[in-house]
Structure formats: C-alpha cells, structure tokens
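Residue numbering begins at 1 within each chain, and the chains themselves are lettered A, B, C and D in the order written.
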Amino acid sequence: MIAGIVGATGYGGIELFRLLSKHPQINQLKLYSSSQAGVEFEAIYPQFESRERHPLHEVDPVKMKEECDVVFLATPAGVSSRLTPELQDGKAKIIDLSGDLRLKNSADYSAWYKKDPAPEPSLEKAVYGLPEWNKEAIRSADVVSNPGCYPTATLLGLGPVMSEQLADPGSIIVDAKSGVSGAGKNPNALTHFAHAQENFQIYKVNQHQHIPEVEQQLMQWNEETTPITFSTHLVPMTRGIMATIYFTLKEEKSAEELLALYKDVYADQPFVRVKSEGQFPCTKDVYQTNFCDIGLTVDSRTKRVTVVSVIDNLMKGAASQAVQNMNLVFHLDEAAGLPQFPVYP
Amino acid sequence: MIAGIVGATGYGGIELFRLLSKHPQINQLKLYSSSQAGVEFEAIYPQFESRERHPLHEVDPVKMKEECDVVFLATPAGVSSRLTPELQDGKAKIIDLSGDLRLKNSADYSAWYKKDPAPEPSLEKAVYGLPEWNKEAIRSADVVSNPGCYPTATLLGLGPVMSEQLADPGSIIVDAKSGVSGAGKNPNALTHFAHAQENFQIYKVNQHQHIPEVEQQLMQWNEETTPITFSTHLVPMTRGIMATIYFTLKEEKSAEELLALYKDVYADQPFVRVKSEGQFPCTKDVYQTNFCDIGLTVDSRTKRVTVVSVIDNLMKGAASQAVQNMNLVFHLDEAAGLPQFPVYP
Amino acid sequence: MIAGIVGATGYGGIELFRLLSKHPQINQLKLYSSSQAGVEFEAIYPQFESRERHPLHEVDPVKMKEECDVVFLATPAGVSSRLTPELQDGKAKIIDLSGDLRLKNSADYSAWYKKDPAPEPSLEKAVYGLPEWNKEAIRSADVVSNPGCYPTATLLGLGPVMSEQLADPGSIIVDAKSGVSGAGKNPNALTHFAHAQENFQIYKVNQHQHIPEVEQQLMQWNEETTPITFSTHLVPMTRGIMATIYFTLKEEKSAEELLALYKDVYADQPFVRVKSEGQFPCTKDVYQTNFCDIGLTVDSRTKRVTVVSVIDNLMKGAASQAVQNMNLVFHLDEAAGLPQFPVYP
Amino acid sequence: MIAGIVGATGYGGIELFRLLSKHPQINQLKLYSSSQAGVEFEAIYPQFESRERHPLHEVDPVKMKEECDVVFLATPAGVSSRLTPELQDGKAKIIDLSGDLRLKNSADYSAWYKKDPAPEPSLEKAVYGLPEWNKEAIRSADVVSNPGCYPTATLLGLGPVMSEQLADPGSIIVDAKSGVSGAGKNPNALTHFAHAQENFQIYKVNQHQHIPEVEQQLMQWNEETTPITFSTHLVPMTRGIMATIYFTLKEEKSAEELLALYKDVYADQPFVRVKSEGQFPCTKDVYQTNFCDIGLTVDSRTKRVTVVSVIDNLMKGAASQAVQNMNLVFHLDEAAGLPQFPVYP
C-alpha cells in the first residue's frame, strides 16, 4: 500500500511519518507540501535521517488520487475543504486530520472557524472517525474526518453515559488541559519556552472551535443536548491532554455501577482502558500511545460525576487515531502499526 | 520586632525566612525545629548562606511566647493544634500556616484531616486570615489561621458573587491546578522529576482537605451553601495555582457587569487585580508575588460563568499571605516587605 | 525465544519490558524480582495494562538458566556479580546492564564502586557489549556486559580518533550531561521535581564510576592512555545524554577530514549517525531511539577538537543497546525490534 | 534619582524595571523604546500592572541625557554603539548592557558581532563593569559596559587563578550552559517550548561573541593568554548559567589551597560565595539573585582543576549586575536594591 501525507512537516504530519514508516502494510510513503515542495523531509528534520530520503512533492490532487491508496491531510484549517473535492473521486481513500470536514452544518464551521466551509458533497461523504463509536461507518468510508484532540478525549469520556441517557446534558462542564504541542509548531509569544515553562495558561474560554464538534456528537447520543461549557488550558509539557468532565446524573448511580457500564461499553475496544474504582489516569500513562484511559468517581456529597479522560494529543488526538482509521478503512487489524505500551518514564 | 518561625525547613518556612529577612520591621529572626534543632539553617540550605547564620532552636513554647513578637507556625497538620494552646497566652502573636485552626467545626477537621482537632479555645481565638474579606478581625487578632492555597484562590474568585448572593451555590464546580511544590518537600514517587515532568496528574478527587475550608467561608457569605465539587491537579511546574471556577447566576448578568462588581469589591485591596473583559491571567503573572489575579467571562450560550483565579501557592497561598496578615495584626503597611512585581520570565 | 528480565521495575527494566514485548523473535517474557516477587508488573505500573498480565517471579538462577534463552540483568550494582556465576553455565545467554562485569580489573571495581567485585571467571567470560567496536566478540558471547550510559556516548565519540591514534589521550576532557532518569527511580532530595526543575546540577565530579570503564576501552585503542577528566551534570529533563568531548590532535586535521573519518568508521553501523560539517545533534534528535548522533568541529584558533555525542540514556545507554546485543548474540537482524525514528516533538 | 531604561520590553529590560522600581534611591523610572513608543509598558506586560503606569517614550538622546541621572541601555547589539556617542556628554551616567562597548579592539567587535563597532571615543570612555575586578574604575566611570552573562560566570571563576598566574592559559576550556531566556524573547524554532523542553542543545561552538570578551579580560590578568575553547549549550530551563571550567596549574596546588585563595580574593565581595571543599553550586542556588557561587576541585589523577561557577543569567549576568554597577557609580551601598536570598524552590 502507498500512503501519502499532505502537510508532513507539521506536528501531526511528523507523527504520521513516523507511524506509517513502520506500518506493516505500508510499502511506500509519499510526502506532499505546498510551501516546501522540492525540499527533502530529512533536510528539515535531520533527526529522521535514515538510508532512505523523502522528497516533499507538489500537492497535485490529480496525481495523488491515483498514485496513493490513502492520503492523509495533516493541513491547517481551510486547506482540506479545498483539496477534498478534487481528491475524493479517485482511487485513494482520504483521511483528513483537520477540522474542515467534521461539522456537518456548514454554518457552524463558518461561525467557529471563521473560514469558508467545505462543499456539501464533501461534508456528506465524510465519516466522523471516532472508531469506538462509529466503527462500521468508518469501515466503508471513502473519506474519514479524523476527530479533534479535545473532542476525542471528551467524547470517549462521555459516550457511555450519554448514549445510555444517564447524564443530564445541560449539566456538562469540560475542563480540558493540553500540552503545548497542541498549539502547533509556529513559534509565538505564548509558546516561547521562557513564557510557557513554569506557567499554566487558559485560552479561548468558551470559544474553542472544538466545542461544536463535541456538541454535534453529543446530539447524536441525545437530541436534547444543549450547549456545554468547555475550557482549554495550556500545560507546561509537550504532549498530553486531560479532560476533567463534570455532570449530574438523571438518576442516582454509584461509581461502581458507572465503571461497570464503561468497562462493558468499551470491552471490545482495544484502545480504551477503564480504571478501577478509586484510580485515575495521568497523561503519562498514555504518552506516545493510541490509548484513551478513563477513570471516574461519583461525589457522595453532591451526586455529581467527575470523569477523567486522558490521551496523547498528537497520537490518539491526531496521528495514531488516523492510522487506526486507516486500518479500519482497509479492514486491517485495528491495532496494526500502533504502539502497545507507553514510553515511561 | 522579633519573628519566630517553627518549621523553617519546609517550603512554606523557607519562603517565610526569605520574606521576613528583608521585612523592614523585623529586626531579628529566630528559627525553631523539633526534628533538626542544633543544626544551622544554612547547613541545610547553603543557598541561603550570608554573613549571618541561623541556628535551629528547640521548639520551646514557654520561651518562644515571650522572646518573640510573632510566631509563624509552618508545620504539618497536627502540630499547631498542640502548640497553639501553649503559645497563645504569651506576648507573641501567632500566625498558623497549617490547616489545624481553619475549621471551626472540629468534627469536620477530624473527618477531613484524619487527626485529632485543636482544642475549642484555640479554635475560637483563631481568626481566619483572608485579608480581603476579614481585615478588621485580623487587625485585632492574637491568633491568625492563614488560609490554604486552594481556598485562597477559590474564595477570592467567588467572594464578590457569593457575598452579593448572585451565584447559585449548588452549581459551583472548582477545577484547581497546582504546581508540584504544593505536594511538599518530602520526596516520593509522584514528585520524582522523571514521573512528574511531562505529566499532568489528578489527585484527591472530591477528597482534598481544603474543601470544607472553602465551604465554611461560602457559608459565611450564603447560608444556603451546599457541598461543592472540587478537583485538584498537579501541573509539571514548581509554583502556581489556577482555579477555574464554574457556576450559574441566579439572574442574568453580563461579563461587563460582573467585572465591574469585582473591580468595585476589590478596589481597595492592594493584592487583588481584576482583568479587563476578554483577558485572563496565567500563573506566571503572579509568580513570586502576593497577588491574586482574576479574570472571568459569561458564556452567552450556557449563561454559565467561568472565573479564573491565579496565585503563587507558596506566596499568596502560604508565606506572603502570612506576612500580609502579620502586617495587619501589627497595624503596619499591608504591603510592607512584599514584592510589588512578579519575576518574569 | 523466551526472555527473562531481572529487575523489571527499575527504569532500565521497564524499557526492556516495552522493547522485548514487541520484539519479533521474543515469544514469551518472564519477569523476576527479589523484592517484589508475587506482585504483577501491571499492578505496579498500571500504564502497561494489556490483555496479558506479567507476574514477578522469584529470582531463582537454577530455574532461570534453563527456562530462558536469554536473561537480562537490570539490577543495581552488586547483584549481577553474585547472580552471574550461578546463571552462566546454563542454556540462557546473559546480558548484564549493571556495572558489575564491565571492569576487567577487579581492584578498579572495588575502588570505584565500593563493593565486592564479581569472581574472575565471570569477568573473563563477560564480553563488553559496545557493538560498534566489539561486534565479533559479542556474536559469540555467552555473557555480555552492556556498557554504561556515559561510556556509550563518550566512547562512540572518541573511537575513531583514538583507534587511529589521532587524539592525544592526555588531553581528553569529557563534560557530560544527563537527564534525571539517569539517577534512577528512587525518590530523593536531588530528584524531587521542585528541586530538579529549573535547575542545572553538577555531581560526582571526577568520581563517577563510569570513568574507569571509559579509560579501560581507551586503553584498548591506545596503550598510552592516561587518566581523563570527566564531569557529570543533571539536566532538568527526563531522558538524554550529551557528552561534549574536548581533546587535541597529535597532528593537525580539519573538521572535514575528521568527519570523513567518522563517516567511514561508522559507515556500516546502523545506529551511529555522523552530522555534516557545521551541524551538531541535540538530545531530542535521538529521543526514544538506539541512535548515537555525533557532530564535531576543530577550533581554528586553538586547534582543539570538540566532539558532541548524544544518546537516549535509557535506550542506547541501557535497554535498547542491550536488545541490540541480544540481536547480535542470537545472530538476528541487528536492528530487530528497535525503533527507527525518534519521537518528535 | 531618575533612571531611564532603553529597551525596557526585552528580558534584560523587564528585570531592570522590576529591580529599579523598588530601588531605594530611584524616585522615578522613565522607559524608552524606539519600536513601541507611545504604548504603555503595562499594556505589553499586564502582569506588571500597578497603580502607576509607565508610557514608553521616544528614544531622544538629547532629552534623555538631561532628564535622567542614569540611562540603562538594554538594547540589541548595534544600538548602543550609535546611542552612546549622543548620550555620553550629558548629565546622565550610562550603563550599557549590550556587547557594543565591551571590546576595546574594534576589529574584534566587527569580526565576532558582524556589525559596525562603536566609535573610539566611546570605547575609550567605557569602563568594563565587572565589579569584583574593576571596582575603582567603575566608581569614577561615566560610561559602564556591563559584562555579558557567560563572561561574568567565566571570569569570576577564573579571576583568582589567572591574576595569580597559577593557571596555564593555553589549557583553559569552558563548557557553559544557559537557560533558554539567554536566547532572548524573540520566538523561533529553537526556543519553541515543544522543541526546547526535554531537550539539551549545543550552539555556536567556538563562535560565541562572548569569547573575545573573556579573552580580553584574561589578557589583563596574564599577557600570555592564548585563545580559549568555549562551548555554549541551551538547558531546558528559563534562567541560570553554569560554567564548568577546566585548566591545568603551572605548579601543583590542592583544592584546599585553591579554595583558600578564592575565599581570600573574594572576601570583601558581597556577591561572590565560594563553596567548601567537596561542595558544588547548582544554578537554583543563585536563582533570582546577584550572586555568583563557585566550587572547585583538583583531580588527584590528572592534576586538572575543575571550577564550577553559577549565576542567574538575567540577574548577575545582566540586570542586577547593571544595578550593582549603578550603585558603585553613584557611591551607594553596593547591594542597594538587590535581593539577598534566592527564590527556592
């Protein structure tokens, strides 16, 4: 199989390069870049030097859709909305890591992303690639829209209670924290080491473009979903997301009962691990993996539930989930090419 | 004035040593330690070497209460509950940085701290040292119970809306994050650099001993206060606390109106800074200061309020607030000896 | 093949567990621990939870030497000197990650390690496992003594000039820097996050036990080797070693000539990458890999050479080099089971 | 006294602002900026908000030299070479934190800084502001050239042995490490948090513009000084420099003898602390202070000396040393306005 990566020099693209390079079913990797075509990937990232060199090719959809079996779009917002229409009628399956194809309602896209939405036919073709909740649709998809990092952590944490109609949707508050790589590789004042280190920052309060993506899926589970409260913070670490999620139950349940539900719902999902009662995950537990680890408790005093969900934002929150989706699209082993254990310490 | 510090070798004690050493009204500093009496402070912390050396004296309440004008207790839980009764009838004013004298209801103390409570007379004498809300009582106190780090950030963030009966107490959720120094100086697996760095951890979910302290003060503002939800996280940085606080209003208010209220309430408080609309503080803004910086917004979609409150956990959350309290007790300039600006970067 | 790990719960052992779990030739992994026998590895490190659980077995050399094909000893100094004699006459090949079998002169071991040395027959059997310089001997070894982390970086940086008699041995100064994981997993004051973060520390100046190991190999290359100067520092990061190496040449050479020599010497070594002129590696270039990256320059003003050599201390400096050695011992592909690319960012 | 700061928004300028704001002899602080004139300092750095606001004024040398008693130039290379000639004939004393006035030989400046040198009369007027070695000249200076960060740490570490002709100048190797703030506040790929964290980098090997500054002073102590070897590294921390310095002695001396010499030489210097035998400083020991802490040892095997010298690069390496120089120029207490103790932890 030949895989193409558009935007290989961004953080998501680098991870894809690394994962696909050792994927057992990928024989050839082709990299594309509009801004750096002609340069070799290894010239930009000498740490990836090996016997083989990877030139960055022009982004030419007409060629790409025939020379690749699968094309990953690891591009900034506003790019795949234009590329997908030109790519989607060829041989290549498309896996888009950007937010361009996630929101079915294009008015939502315009409002939250402040950009022109993708054309309707592309939005219709795109299947939301959250494997744990949409596996069958992904298996027959031509275009997969890979979820955002915050939505992945949040939705896996909320899926069991929302789909079982146990949580009161109006009560949901998500307090999410991300490593600095989530801000992308362009250097700026907020990501300067001397500013970000020994610092904890909040940003885009109630305004993060991942909010409508979360709500869209919550709505799938419960039509009575109303807007949620969603905060995003920057942690002085490179990778990792923790979503601390608060909500009230419609009827009383113990932590034990809820954990049993979560374990049951995710029993066949190789990349979700539910903790035992009293145990909570930390971000390092899933560092460099495709896992989402989940713990929860019910406060005996307030009856409120606290769910803690952690992922590696560049892996399950981006590149490794994209590979998981590719595995599903091509009916491979869902875990092919994905690390089994975290790097520790 | 002569100041004594019991427990000078802990993180809070070190900060007190540093602040009091340059305080314009302190002429002499006496250090006490039960475990390390006889050793010099500078032998343990050579980075504090100067022309003067500070021996650690035996903890002898009978002597201390006469030789000092003020005694700071920077001791672990369970120590000042025993020391205060022996100290409180002397010349020395007492400022206790531990949790032993904070909870008026001694059953709460036993339940949350799993230790024997202080005797009632000590609890009655102790004035809760949150200067922005209790200044007059502090000015005439003999014993001040210095607030916990999380309660300081949380209560300053909630005070204006709670005291004005604007917030629905049952809706309050506090998602709090602290630097690793909050876990104290005893080394363990969770604070090992190789574990804590590049990691974000949650701990003591709904079980932190600072919860009843927060609720006790909320109750002062609003008798209808019910239990709150309160989470604590460990950030890979040494200092700093951010409390992200969520609640609903009893009646609709705009962010502009709320900010006007906060600015008004704290207008005469030298150590609270309220941000402008759309601005939020980060922990580095208050690094190494006695400031509490507060920002807030009202989500137009959910009507929920998000208040962000940051402090330096070892300063406003411990030592510098204790010095602020000393300044009040002795009717000095409230800001005497306290830094005016953060260290940046 | 069945692989055993003694000391699987230390940092080196954890890495071995992770690497061997996905090694294509290892069918079964058996873990041994003297202090925690009976407990499951996953109970101690829940982040490694998977469908399979790994009990920690008693350390029983008689059983181990027959049930395993290879036994890795990831134990503190003083353990494998006792275990190896009991293990070395069985079926199992032995790969020792500790320092116990590295020094051929047992008086050196006593002097630098302050412990009893291994018996002579074990020392004689042990082959020094620096593959790039000892590959043939390793391929026929029964016992491999895996090099220390600092020696690996240093010796790969010095090998070409020392073996070619170009460097003046008496001029060698090694200024080495390591991430905090190099200090091991036992928590102490120096590795407490609040002490180690935002701090740069020097330790064991001229006294590190890796010094005689480096000198022993230098002596192999040049019998006129005299003692070297060697400093070790602790960097506020978890992994990575940089050795900055200074020496004078016996006769003048340009950087270009030296780089050509290095590229030539390491041309067939899959895990050494030599940089181009003017380029230097950083530790992140080899993060999570078995690579050693080397850059160098010749100062036109002083004629002194500066060689920069970086490795991941837990990988090429411990576990992945041990796996490389296992691959050689069993005549497998030298790179089997080892990552091809670093994790970045 | 009225103090002016040109370039107040850079890292050095921010520190000057903080230090001078609380300096007992400074009544007024005036900030100047060519790029941001008209903006208020507090608008750029809201963390410095206080009752007083500080507008950034136009850089007008004619006005500045009369309205200020002292002007600090915290500007990039190439600015004060142009400003100083216009400023130096007025009332104001000048303290230049840039490298423009440090090298007496203007050809050296051109060669290492790749910029036009300052005019000779300015270079002649400028006194090198290393107080521990040039105090009398500073006390009568009109223009002080504040030393670079690396030279400060290096020269204080070498002064006693060089001025006593004990060290062999040709043997000197300086392996220096700096926190990331040393790279300045302009964001770029090397200082991006996700790149710099968990990374240790080397840069400008043998090419750092501080090398000729060090050599110029060494030459003052010993005319036979020849070029030194000097490496600079970037540590994943914000502040702090450690210079590990290696050299050989002309005649044998013990560590005890050398330490006695260092203690003697620096006996009257309030900001140099010499460690006891066997003790070495770490950068956190001097964090946020004007101290330079020095430890040393003599290797009994190689007879080589290792000196370890640490400073805070933004304090003793820049802003607080500039204030120390101001104190000397105006015959104030040398320690006025400078912190006595480090911030710890």
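General remarks:
The rule is simple: a contact is a pair of C-beta atoms (placed from the backbone, for glycine too) under 8 Å apart; a residue touches a chain by one contact, two chains touch by 3 or more.
Source: prediction; values computed, not measured.
Interface comparison, B-D versus C-D: the higher count of C-beta contacts falls to C-D.
With respect to chain B, maximal separation of chain centres occurs for C (centres as means of Cα atoms).
Look at where the CA atoms of chain B average out and do the same for chain C: the two points lie 46 Å apart.
For this pair, chain C with chain D, the centres built from the Cα atoms lie 39 Å apart. Averaged Cα coordinates give chain B a centre that lies 36 Å from the centre of chain D.
Contacts with at least two other chains are made by residues 11, 179, 181, 185, 192, 194, 197-198, 236-239, 284, 345 of chain C. Viewed as a network of touching protein chains, the structure reduces to a complete graph with every chain in contact with every other.
By the touch criterion given at the top, residues 173, 175, 177, 179, 192, 194-195, 197-203, 205-206, 226-229, 231, 233, 235-240, 242, 244, 246, 280, 282-284, 287, 297, 299, 301-302, 304, 306, 308, 310, 345 of chain B touch chain A in their complex.
Within the complex formed with chain B, the chain C residues making contact are 11, 179-181, 185, 187-189, 191-194, 196-198, 236-238. Residues 11, 14, 17-18, 21-22, 45-50, 181, 185, 197-198, 238-239, 273, 275, 279, 281, 284-286, 288, 293, 339-345 of chain C are the ones that touch chain A when the two sit in their complex.
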